[in-house]
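Both of the next two complexes hold chain A, though its partner changes from chain B to chain C.
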Partner chain A sequence: MIRDATGRFGYTPSLVVVVSAAAVVALVSVSSGAYPLSVADILRVLAGRDASDPVASMVLLDVRLPRFLLGFLVGAVLSVSGALLQGLFRNPLADPGLIGVSAGASLAAIAVIVLGGTWLGGWLALFGEWALPVAAFLGGSATVLLAWRIAHRAGQSAVATLLLAGIAINAVAGAATGLLTFYATDDELRSLTFWTMGSLGHAGWDELLIGAPFMVLAILVAPWLARPLDAFLLGESVVGHLGYRPDRVKKAAILVVGLGVGAAVAVSGLIGFVGLVVPHLVRQLLGASHRVVLPFSALVGGTLLVAADSLARVVVAPAELPIGLMMALIGGPFFLGLLMRRKVM
Partner chain B sequence: MMFRLGPFVLAVLLPALVQADPLRVITADGAITEIVYQLGMEARLVAVDTTSGYPPATQSLPKIGYLRALPFEGVLAMKPDLLITSEQAAPKKNLDRLTRAGVMVETLPSAWSPEAALARIRSVGDLLGEPGRAALLVTALETEIRRVQRSASARERRPKVLFMLAAGDHSVMLAGEGTAASALLEAVNADNAVSGVMGYKPANREAILASQPDAIVIAESTPGQFDIDSWPELARLQAWQAGHRLVADSMLLLGFGPRLPQAMAAVNRVMPSDARVADHDS
Partner chain C sequence: MVLSVRNLSVSLGGTTVVSDISLSVAAGEVLMLLGPNGAGKSTLLKAVSGEISSTGRIVVGGCELNNWEPSQLARRRAVMPQRVEVNFPLTVEEVIALGRPAVFRGCVDPVVQKLMEALDIAQLRHRLVPELSGGEQQRLQLARVLGQIIDTPGQRVLLLDECTSALDPAHQQLVLEFVQRLAREQGVGVLAIVHDLNLAAQFADRLIIMREGRCFHEGCACEVLTPSVLKAVYGYRARVIPLPEGYPVIVPLGSGPVQRAPSKPSCRQAS
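Right, the complex of A and B next:
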């Protein structure tokens, strides 16, 4: 009934479904966790009144609420970035990891962890507890710019060159990370897992404060690129004929991705998979137009990440599973099912 | 009956209530957990972290995860009065939050010498409101440590020891400087055969042959993990053939907890006597 003639779902019913799912997940995320809170206390805190458990307001407002918001933003920005890159490269395998932005961001963070005591001591002194996120953000942005410069040398930017540059940058960043791991002490080695597995376990209002502005900006700017990206689907030469400047479109998309993913990695470490899978999911259900794919990716990506995080923190309570693990556990089989249902293209 | 018991129960409970000793305790560090058990205070433990695997009774306690990734809600859900952990605990943010939620969070420094290990036992005793029990344990351990150290310092020359860590099926790491392994060797008057390397590094088979140690110590993270058949280089070393070798549990050797005298004695026992050291020199 809600599918149209081509077998796709209508936009308005889909929007209603996705927004309701997001609302349900939001409620579940804020009301569930290892610490038991009564429904009455949750309602009292949300209404701004005193709860019977003195810790209730702290658990809800200082821990679960920022964690939900941060998780939603990270999921949204990673999915939007994935959609942008898949459109730009016309390659279904593209995701924020591809052009090296995630690797660059985590390399910078790992460098600060391992070299903070020696060569990068000044960096620590300058930024204090912000040293890691600031480094991750700068690392991500620098990688994007580098990839861009390499691909842009002939006066024109070749998407294939950018893709190859990304692979090379990933290899170099991976080797540098490996080298730093080799020199890391036992203690440092263990704090590196945050940057390779991803976590929302320390999310608070501070993380939200530095990460959110960049992520919100990236999510809001992305839809402006929808029409030119639709033109990209028809081939790069068509973009110019339709009145867009291909180079500007590419530059804008790359910057948005660098900004968003750099900020996401800075506050939550490396969370893979969501950026690759969510745009595919949306395209399967609603068609390939970026005007639909971009906003829906944001909503679905945010919802999916928060759902995965809610599960990750209750299944092995009182301990927590790494969010990246949970994400792959839920998303992997789901994605495979989607692929098997799809007709051969 | 109840009437007669009433004052008695009150008399027993009252001192505890007045002193407000922490009754629900979580330990997040294998060695600290061992200390709590050695003090006989394990009844107060409501949860431990995943590095706490000894004594085996810890298996029945809820696990709050790894001490370097402590969850806020998970710890709080156990309603602890006190969380005792080491300076490796992370993320710091969650420790701060626990403090704000009314949990007493105590972060003890790492103990990489017999003195520091004993001081840590005293700290745990103070935190649990049982300094007397801690003092008894410290005195007992001190005597054993002195006995091992007397025997160790009787050697004319400090032996060179190759210390390795077996952590996976094929992964064996050499313990370099600045490690608990090096600290344990120092405690028994021995030198690390691997110098100029910081931390634990993947073992290089040629470097093993070149190190020419007087004794070999291998710490396993699970019993029976180390298989000498896959390390022919080690088997060819004179120290290995002469029996100057020890394969033992890594938590026992590297924990610097209440089993430290045991660990020191075990390592000290496999050191060559002076005569053999002299042979080796000629």
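Right, the complex of A and C next:
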């Protein structure tokens, strides 16, 4: 029996399954597309012994590989952020998308794109090629803080307040984004669609270089918060009783989420659902302890997003569905199914 | 004294909820707080645990509360809130383990084993907390809280806010006997809020009865639990009958004027 006395799956078999799935998905992701590559092609290119087929080498090294890495990181960081927020808010509905963090990050990024030439010229001059990710990061962090403030003004269990605040934040950010599109030129509009629907289509080594450090940092720092976050599941006051400093934990988690989601949005736009669905799935199968939820969410989230991206490239080939759309298509029904058969969150 | 509170006052939103309370708990002593709803008992406990800010002095284990390093304090002072709600699928074992960060996960923790057996939750260890009954959850939380301090040497304090409110009578006895034994044998100082006057009479070494944020009366059960004090604090009439066991039993007689109840048929049949 794989399930233990608590009805959960064992960690080691789960890890083996998840890593194998990730490997398969990775292979499918780098081999499929408009220019199919066989496993033999991939091995040859990676071994660096194939000068005869420069296209294969270019497709793999300059297009597919960075795209796979970026997709995996984005999926992982969104899932980890979702898990962090759900623990922090003690609310399984918290998700970077639902509470408006992604929208805040995306709004900031869009503002930089549209107003970069005019009002925000100083910002561009100050941060150079880092202007977008930094703006997205700040926008994301500010929104987490705002949601936190609002949810906790009304007291301990302000579930409804939090979600309503999320709706309001999303609406305001959406309206502001809409407003900005009025000022946008045609070129800018095209990149705005990218931001609002989410895409890994721009993935290249440059994007990876800009986004990866933030995302890797967020993913690696998150597990350090696992123990106090477990305490958060019993309530904020209990965190203090158990010998942690709730304020520090909160700040650290908010910083990690702002950093990770900001960077993810900066390189891939708005991709919803992954942060909501993946931690849920992991909790259902492996339990709610953050020491398990955080690392497994990263692995499962990364795998899922890469899989969705591969699918998005294939379904309407040679065109490509926005990954945000794809995620919502897969994630929505899946989440509804989860809700219908769950006993506890 | 393992816990000493001097001139503690708490204001919440401009209203003084607790005013000028002083109390102390000696090692091995069980001090129970009584009082009507809204008398400020829970607020006092929250202030003593450092959860809400207050004026006055709080000394735990010979050191000012604010000077403690949180992780050190957690091994010497444990707090059980009135209500802990767990919405996520944590197991009983996982929740208890939260109080024992020094124990490597995956190891069998003999201290936790004993605690779970003593509080009659050993058979629930793999169950998910949100699926447990209210009484089972309350015993679980007590086990978590006790696990924090039970194997720490030296001075320790246990703060309990209505730790038996959801328990059946047998488990109330089981739990309070265990807490009492912990005080007697290990010298833990206990400050506990209770509503049940008879449990207070049975288990408290000393009682403080509060009213409108102040200490109304302090002393042992026979001094505090008198008809006149109960009338003044709760506005209800009670008969206090001393038992040969050494503590009184309190029989409520209603809150209004005396009404001679018609004897109930079922009682007649029984006799």
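The rule is simple: the second predicted complex is superposed on the first by the 274 of 345 C-alpha atoms of A that agree within 3 Å, B and C clash if a C-alpha of one lies under 4 Å from a C-alpha of the other, contacts with A are read in each partner's own complex, and residues count from 1 in each chain.
Just so we're on the same page, a contact is a pair of C-beta atoms (placed from the backbone, for glycine too) under 8 Å apart; a residue touches a chain by one contact, two chains touch by 3 or more.
In this text the structure is predicted, and so the values were computed from the model without any measurement.
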item: Touched partner set for A:T185, first chain B, second chain C, both or neither; value: first
item: Contacts of A:R283 with chain B and chain C, given as first, second, both or neither; value: second
item: Contacts of A:R149 with chain B and chain C, given as first, second, both or neither; value: neither
item: Partner chain(s) touched by A:L234 [first = chain B, second = chain C, both, neither]; value: second
item: Chain C-contacting residues of chain A that also contact chain B; value: none
item: Chain C-facing residues of chain A, complex; value: 4-6, 87, 90-92, 157, 227, 230-231, 233-235, 237-238, 240-245, 283-284, 287-289, 291, 343-345
item: Interface residues, chain C side, partner chain A - complex; value: 46, 49-51, 70-75, 78-79, 81, 84-91, 94-95, 98-99, 101, 105, 126-128, 130-131, 145, 148
item: Chain A to chain B touching residues, read off their complex; value: 33-36, 54-55, 58-59, 62-63, 182, 184-187, 190-191, 193-194, 199, 201-202, 204, 313, 316-320
item: Complex contacts: residues of chain B adjacent to chain A; value: 47, 50, 62-66, 68-69, 71-78, 88, 90-91, 93-94, 97, 100-102, 178-179, 198-201
